[in-house]
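Which chain is which? They are A, B and C, in the order written, and residues in each are numbered from 1.
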Amino acid sequence: MPLDFRRFNGPEDSVSYTRFTQDFLKSYDELHNELINKSNLRKDGRALDEARSMFARTDMISQAKGSAYVELKKTKVVCSVFDPREIPHQNEFSQLGQIFCEVKFAPFSCSRQRRPAAPDAEDKSLSVALRQALEPAVCRHLFPNYQIDVFVYIIEHDGACLAAAINAAGLALADAAVPMYDIITASSIAIIGDKMFVDPTEEEEHVAMISPDSENVNHGIITMSMLSELKQVSDFIQIGSMDTDCVIKAMDILEKECAKLIPNIQQVLVMNVVQNIEQQKKLEEEAKEREAALNAKLEEWKTLLNAG
Amino acid sequence: MAEIYKLIHPVKYFNDYISRNVRPDGRQFHEHRNIKLNVNSIKASEASGVVKCGNTTVICGIKLELATPKAEEPDSGFLVTNVELLPLCSSKFRPGPPSDYAQVVSNIVTDIVMNSECINLKDLCIVYDKLAWVLYCDIVCIDNDGGLIDACVMALISSLKTLTLPNVTYDPETEDIKVDITKRSPLKVNGLPVATSFAIFPFFEKSILLTDPSAYEEDMCGGNGANLIVCWNKGFLCGTQKFGGSTLSMEDEKQALKIAKQRTKLVEKLIETCIDNESK
Amino acid sequence: MGVEVDTKEFKLKPMKCEFNFLSKSDGSAILSQGETVTLVSVNGPLDIKMQSQSIEKSTLEVLFCTKGGKPSVADRYKESIIKQTCETAILGSLYPRSGITVTIQELEDYGGLLSCALNCTCLALLNSGLAMRFVFAAVSCAVDELGNIVLEPTQEQATSARALLNFVFESRNKNLLTGFSEGSYSESAYEEALERCRAASDLVFTFYRDIISKYSNVI
């Protein structure tokens, strides 16, 4: 890899110390068996079909037009949306507005290793997935030849980060007052053998991504985003190999999970509107005060001028 | 109305406030914004700190790696500090490699930490000429509303203060490395450098110091970012940087040093209380 | 001025300067301060891309080229210092929608590179004939282990010093225009250093005057 002149670089041969810990060399079976305990509960005490509670809020970033923060226990994602702007270096007129998405991981976001500062393949594939998920939700015909920038930053990654990113982006777009057809929600599921982990953690995702030794075993991750009111799937991403029955079953579960998130998001949006109205009132009052003060100043100057 | 006025007559809008001895956000000239600090909130990193100064939000996370020390300095480890100004924190930044400004901020923050000598790189060496710690301190800005360097230094120092290094055993014969994460020792941090930013606004014949400027104030005062950064550590100055903006007279300079000293005491107390509460 | 300092007791490193060292640029200067040598070329006002044009003032671009040629983060920092200093000094509002390019080439570095580069930039700007609010002079000093202040330290003095302080003053009121430092130092050392550098900046301004009068005679 070429040396990055724009950053301070560490030594080339540095490796994460976790390589030398005892936990590093665990076999697939060990990792697999660790995920579920005897009473069929996951490591963090959830049942298999239980999603993590989502915390979401809008108006995180003062400089952005709209922004949102989504937290699924340890997974933390922040998203900001900027004003539509003319597409730079554009030759043809595009009828539909474009959405530019960038998903980035913080260098310290993953517990396994330090993320490289330059965007890698995972960052890019997530960016594409996010754009595909958002495009059907936004009324793009309303701003032809313009693009909306959506930036997502993953502060901490503990599984289901694409789902969290889509949820955050949906909220941020709504906060930025970008016209949309419906509330967009997303959820993900990890499949290992005959077990389905709803809203997986990073550990579960990691195991799901390893191909087991025996063949014909279902494994992989599915992330699906929905426009629930319209009953439309806006994006479906599957990694890994699994049979059709499994996929259909997973889709049913994901559809329900996506719908479950709706009241939560609605509440956040309503709160956002209420807060904005209150803020507006406060600002107007303040502005009146200031205007009065400025007018007084103007009068003062006028008298000064008239006096000579 | 006020918003329109701000757009049409940006300079006059700002001047009107200054002439009434108040800043657009209602602060006095030497008043700084509220500071919020949270340590160890990101469990995926070894140590972390989240700082909010007014709207400005900065996160610092530290990752630990092992490497062979440099041949020129076989008894020192590495401290690699980078500041990333994300495109999401302000419309001024575009995606892509770090901009010139991001590099300048990285350089200033690294300089402050190095000049204050709060971390002895020799403490990071495990085995002479064979093995040393590499501390990757990545500071990311989530929301940029001025006073960026203050927040970056604060986030970095509070994370360094909470950092613990796992125990490493090295077998010189087999070159075998074993890390025991259950046994950890804290990193020695000597002192507590705190930076304070000022913007200098030319107002008729004199210049006015604005403590802890917001992004809007920084823009109005010209230059790139804050104009004056004063950094104190244990009663010593470990960096005074003055760039752009209006010129600085002797009286203003003295005043800036005094204000920075007071704020440093406050921030020191804040960081110590926060870390105490966390460790309980 | 608070402290009266006699300028006669100061000695700066011997300075030598030559204007119009480069024939193709609008203004250029080569300056040696002691053994440190820099070459600066100024071009402008010139036509630039629509995107980077500003309707209020000229767009300043500063390039710092090291001897090794490899870019680094530290170089961007140096560029930023020089750029912000020039931005205040140049009357940019006289050249709207145009660009001014300043290129600095490091030739020899035996300590005090940045202050030499700043002084050389000022001379090149004078040579290019761009309108300026004031000229500026950079002076560096070192604080040694005992807290003594050494003006324009030699390279050995600089490496053994506790701190290195650099100041840039403008010519009109001798106010501080730019300042940057390395190492840690006490408040009193800082103030003393500032005053001594402020007084020593006179020598640099005198040098500027001599150079300009020398070249003006030729014309």
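We adopt the following convention: contacts are C-beta pairs under 8 Å (C-beta built on N, C-alpha and C of every residue); 3 or more make two chains touch, one makes a residue touch a chain.
Just so it is clear, the model here is predicted, and its values are computed rather than measured.
Colleague: Among all chains, whose Cα centre is located farthest from the one for chain A?
Modeller: C
Colleague: Taking the mean of each chain's Cα atoms, which chain ends up nearest the overall Cα mean?
Modeller: Central chain is B.
Colleague: Nearest whole angstrom, what separates the Cα centre of chain A from the Cα centre of chain B?
Modeller: Those two chain centres are 27 Å apart.
Colleague: Can you compute the centre-to-centre distance for chain A and chain C, using the mean CA position of each chain? Integer Å is fine.
Modeller: Computed from C-alpha means, the inter-chain centre distance equals 47 Å.
Colleague: Mark out which residues of chain C touch at least two other chains, giving numbers and ranges.
Modeller: In chain C, residues 73, 76 touch at least two other chains, as defined above.
Colleague: Multi-chain contacts in chain A: which residues touch at least two other chains?
Modeller: 6-8
Colleague: Listing for chain B: what residues touch at least two other chains?
Modeller: 103, 106
Colleague: Which residues of chain A touch chain B once you look at their complex with the stated criterion?
Modeller: 4, 6-11, 13-18, 20-21, 60-64, 67, 74, 76, 78-80, 82-83, 102, 104, 106-111, 114, 117-118, 149, 151-153, 155-158, 287, 290-291, 293-294, 297
Colleague: With touch defined as at the start, can you tell me which chain B residues reach chain C in the complex?
Modeller: The contact residues of chain B facing chain C are 100-101, 103-104, 106-108, 111, 115-117, 222-224, 233, 235-245, 247-250, 253-254, 257.
Colleague: Would you pull the chain C residues touching chain B in the complex into a rising list?
Modeller: 2, 73-74, 76-77, 79-81, 84-85, 87-88, 163, 165, 170, 173, 175-187, 190-191, 194
Colleague: In their complex, what parts of chain B are in touch with chain A?
Modeller: Answer in residue numbers: 1-2, 16, 19-20, 42-45, 48, 55, 57, 59, 61-68, 70, 78, 80-82, 84, 86-91, 95, 97-98, 102-103, 106, 110, 134, 136, 138, 140, 142-145, 166, 168, 177-181, 215.
Colleague: For the complex, which residues does chain A have touching chain C?
Modeller: 5-8
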